[in-house]
Amino acid sequence: MIEQITGAGGKSGADGAQAPIRVGIVGATGYGGLELVRLLSGHPHVTLTYLAASREGGDPVASYFPHLKDITDLTLDQFRPEACAEHCDVVFVALPSGVSGQIAAALWQTGLRVIDLSGDLRIPADLYRTWYRKDPVQPAAQSAAVYGLPEWRAAAIRDASLIANPGCYATAILLGLLPLASAGWLDATRPILIDAKSGVSGAGRTPTQTTHLGELYENFFPYKVGGHQHTPEVEQELGLHQRVQVLMTTQLLPVARGIYTVSYVTLREPADVERVFELYRNSYEGAPFVRLAPPGQVPQMKHVRGSNFCDIGLFVDPRTGVLQVFSAIDNLTKGAAGQAIQNFNLMHGLPETAGLALGPVFP
Amino acid sequence: MIEQITGAGGKSGADGAQAPIRVGIVGATGYGGLELVRLLSGHPHVTLTYLAASREGGDPVASYFPHLKDITDLTLDQFRPEACAEHCDVVFVALPSGVSGQIAAALWQTGLRVIDLSGDLRIPADLYRTWYRKDPVQPAAQSAAVYGLPEWRAAAIRDASLIANPGCYATAILLGLLPLASAGWLDATRPILIDAKSGVSGAGRTPTQTTHLGELYENFFPYKVGGHQHTPEVEQELGLHQRVQVLMTTQLLPVARGIYTVSYVTLREPADVERVFELYRNSYEGAPFVRLAPPGQVPQMKHVRGSNFCDIGLFVDPRTGVLQVFSAIDNLTKGAAGQAIQNFNLMHGLPETAGLALGPVFP
Amino acid sequence: MIEQITGAGGKSGADGAQAPIRVGIVGATGYGGLELVRLLSGHPHVTLTYLAASREGGDPVASYFPHLKDITDLTLDQFRPEACAEHCDVVFVALPSGVSGQIAAALWQTGLRVIDLSGDLRIPADLYRTWYRKDPVQPAAQSAAVYGLPEWRAAAIRDASLIANPGCYATAILLGLLPLASAGWLDATRPILIDAKSGVSGAGRTPTQTTHLGELYENFFPYKVGGHQHTPEVEQELGLHQRVQVLMTTQLLPVARGIYTVSYVTLREPADVERVFELYRNSYEGAPFVRLAPPGQVPQMKHVRGSNFCDIGLFVDPRTGVLQVFSAIDNLTKGAAGQAIQNFNLMHGLPETAGLALGPVFP
Amino acid sequence: MIEQITGAGGKSGADGAQAPIRVGIVGATGYGGLELVRLLSGHPHVTLTYLAASREGGDPVASYFPHLKDITDLTLDQFRPEACAEHCDVVFVALPSGVSGQIAAALWQTGLRVIDLSGDLRIPADLYRTWYRKDPVQPAAQSAAVYGLPEWRAAAIRDASLIANPGCYATAILLGLLPLASAGWLDATRPILIDAKSGVSGAGRTPTQTTHLGELYENFFPYKVGGHQHTPEVEQELGLHQRVQVLMTTQLLPVARGIYTVSYVTLREPADVERVFELYRNSYEGAPFVRLAPPGQVPQMKHVRGSNFCDIGLFVDPRTGVLQVFSAIDNLTKGAAGQAIQNFNLMHGLPETAGLALGPVFP
């Protein structure tokens, strides 16, 4: 069971309850930021104190986003660093890459704890330049930032004051492959082929021809073929265990939310699916958000919608020996805001599931 | 704000602790039942103790519904009344009309508190026969059942032991029209025309040609024209204030969740939209789940998805004088399971929002 | 049956075959223009000779729209009036209102036959100013333009050189109401209430927040409440028979194509559905694109997709006496490009179905 | 351009007139059969004479399928072999596997030309038993049937009287891979990994839990992992050139129509994308329905919807050397009914595009 986090104190007194942590969100009007608002407004140890956007502001956030009416009465501010310092203990930054990391680094240097949801702090400067074609952030922030994949980096996250929250594709893929890499089971001479699909919210809120419902509805197609910027962070994290190359095919699904990845893996030594399953079961023992489909079953993307779960399935093809790893997440929850809060919980010694004990919305 | 219900305490004593209420769900495998599981498994004053279906059972519910893995570890039972008596203080019954009310009545007569989500207990026997073409339940249960629309029936609900949970369409429509009826503003000589649209989950989980994605996707059409069985409960509740006729056109939207209704109303005396808005504001002062769109704005169906909100908008056409009332709910939450829990909360003296403080899932 | 138009001569000789008509499209890159390309490229009496857009051009149209590869090898031109004069006998203009009519009028004055798909030429200058809030076109063009609803205006269309192609909503609504108006059956003292729904392609190809799949998917909401600019053309055409007011509620469906309207009508004298059906059957005898659902059945939006059909259904509510008229079209075909070609056929003495004998794409 | 087939003439005599070919469809009420009706009712050399289903019949087909009203006035018959013999020159059989081939074989033995859309006649009896787990058809029919992939088997198809129409996935995959196999470019020691996605109409019209819109909408998941029955026909057709193994992952997209496949290929010798493109260009020179995306571009599934095109794109990953082949078709058109008609055209000496010159329906 996801332990029900019923507020261990909440607003209360006597029994040693802590004061709630004051949290701000910079970039509150993107899809990642809106999901942070949804989740943090129900977090038992958090008081949302500051919501900012880069370009607009001045009115209640619910006047821009009517779905937030009676969820938060905060006013949207046009971002001012000094307001963060004044109102927040922790800041989540969810701006576009190229901007987000700069602001995250600057806030962190004022002494705030910062969780950055962009790709700016995840990989070294040279790789960043190659894959993002932008200027990297200052080295101090870059090297201080901890890659926030809680299932594999919990110890470092607990001590961190600056988190590089993983990419949505990278999260699904890494949770699906790290058990193999950490056990040394990958045939490192062969590239791992990853066929990945995402709902449109992964492309952000800005309207484009591609995201127009008229064109995406009843459609499906790849984009950034061979060049998706999550590739280096996947190779980096796998490379802590085994150096392998991955080839990601990223594709757009005509839905709002969800990521589904199929990784085609060559194992160093043949293994049947039960043995692989056993490896995964051991890897994720005690991990509250990873659910393994029994051998013979596959995850469905909708089974995690709105929740922080990552569902994983395994199949070994008897004819070719290829191992397929299936992985499903909600790109805005486990792939962004939910995982950011999971990191926040670890950083603050809270139960990992605080504010995240949400059942998937089905159907 | 929706008050965050952080459990441990509620209305109770010194240490705030109160034993959780033991709750069962009969009909747990339909869409209404599954939504009850989602919501009740996060309710701070509830322990889910019993899940039953009418035809299947014997294995963990998560083996039938993988999205529930780690949400509940209950086993699905093939319904046995004695198991309810043994394990439950309260039972939600969410079976098809014609069966549900019979079982609800029988359980209620054993002394359990019961909330029935079907249409079986909402209207008198003669109307039931006419609109449902089935045999009504026994008169004792029928007359004891309270129509569970909390915004308008709170006092009776608090004292009830048997609840007839309103229909999904009826909920959206009645919340949109009762302020007018209770103020006597309706021109009762004219029928109220209601153009209503629902996502497919309102039609239940059983696969049919109509619900096949191949046929419903990119489609839209009416069904049960002039004969929808929620008509009499709408007229009944309005009729407590003003006797009027309604004509409902119910139509299927190619989406999973959501109801959107437009009611076309002739007022007894002309009124501008500000005056109508004022009436609604007074009517719903303190109602935690009704949100009014400012005059000039309209609700969107997606702005309530996954939440217990009902969003209402108003427009008075200057050319014809017709008042349009727009109303949006999630048919499975405010239109079924969420409202049932709201009733449960009232019946047990809990805060109305306990277990229901969920932000809409957007996008 | 739709008569199969198999080219009565086509490109050929001896037996008195005509040379194909040279046709241009200005505004070829909007949804209406693209649908014209799809349909006209299969028209047996047409040679597409010129495709223009207002802002871009210079490359083959298929390089902008890969779905048109091997359908047309025309190059997209940035619009030049003299190119129309040189290459075309007839021009379809499908630009945004406010621009389209001006260009249509100018081309028409050079002696070309012109069909304008915008709203600019449909209604008198004063109504145009009120509903469109733009400057009307020159009076000569305005008064020469014939409202191109072929089922009701065939004689005038045959003689016309300038056509104002009806609006998409107006087409569905008028085909549903004109039999009543022309027979004088409407109770003209009561407004006709019209609940209308459209797929997103009706809003055009320009990306906006509203058309973003992330926000429209699983959504539904009204827009331009009480103020949709098709209102005056509906009242104008009905008013040729009976002066009535209409109130249109226009709403966005989360699909690409299709319009579905429900008109709520008070009849001057009560009539049962069979009698109403008989009236419609007589009205549309010989109309190749209007299909009547048998009494007791309703049209489905998907049953006309990709075709030029308008499907109509009728229901008289026994309790209130209200007549409901259901009407379904494909907004880009019968609601725009298909109807424009139907007008083109009438203007040129061709069979009304030439180039339009397309079965609906189902599922 | 797709040559416009304007009938009246074809390959025939003095006045161009040729009697139309009398065509029947057995299995007219499935999605493949309905698509045959749509396409054949517009075919200039065909008269549809007989429509049959296995279980129902007796009324006009349009009374079961209102979208076909005014498209065909045929009555649906409960299948009788003698009616085929009486009314038809050619029969398309589009029934479920296990039934379809038996009926196709029986009709063929009465002297009719037959095109079978099922999987029953595509592969040898032993493979059929293994992958379909059903009894194979009689050997005579099996060995007489020609695998109807026109781009690669035109000569044999022209002489055939019994066609095994390819599977929908197999069509997309084979058109994407046969240029490589026929040139001997595949590294046959490595399996080809194929990540394939299909709209729900590929699963047939029978309603199931999986195809319920409530569950498939906003969902995505694999099925028949490692065991899809199109695997052997792909290996068989590639094996005419190079013996290779394929691993297909078949997945369900939440849309009605369309197939998109990504094949991950190891080449025997490295090649850049321009060289691969050149090979494909030569392979498909003159093929009217294969369109190649320029190097650097990818096909989109929606760009072929409703048409008989197969769009192919190519990408060679510079880091891993892996070749990706992207392939998009409409599963009901090029993947079923359209291809069947293409075969029909070849069998009858008609232009390959007769009745198939349809532009994609976009958006």
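For reference, chains read A, B, C and D in written order, and residue numbers begin at 1 within each chain.
In the analysis below, contacts are C-beta pairs under 8 Å (C-beta built on N, C-alpha and C of every residue); 3 or more make two chains touch, one makes a residue touch a chain.
This structure is a prediction, so every number in the text was calculated from the model and none was measured.
Counted as hops between touching chains, the shortest connection from chain A to chain C is 1. Judged by contacting C-beta pairs, the busier of the interfaces C-D and B-D is C-D. Note on chain placement: the centre of chain A and the centre of chain D lie 41 Å apart, centres being C-alpha means. Between the Cα centres of chain C and chain D there is a gap of 34 Å.
Rounded to whole angstrom, the centroid-to-centroid distance between chain B and chain D, based on C-alpha atoms, equals 47 Å.
Annotation for chain B: residues 31, 199, 201, 214, 217-218, 254-257, 299-300, 302, 305, 363 touch two or more other chains. Only residues 1-2, 4, 6-8, 31, 34, 37-39, 41-42, 44, 65-73, 201, 217-218, 256-257, 288, 291, 293, 297, 299-300, 302-306, 309, 311, 357-363 of chain D touch chain C when the two sit together in their complex. Contact residues of chain C toward chain B in the complex are 191, 193, 195, 197, 199, 214-215, 217-223, 225-226, 245, 247, 249, 251, 253-258, 260, 262, 264, 298-302, 305, 315, 317-320, 322, 324, 326, 328, 363. Partner chain C is touched in their complex by these residues of chain A: 31, 199-201, 205, 207-209, 211-214, 216-218, 254-256.
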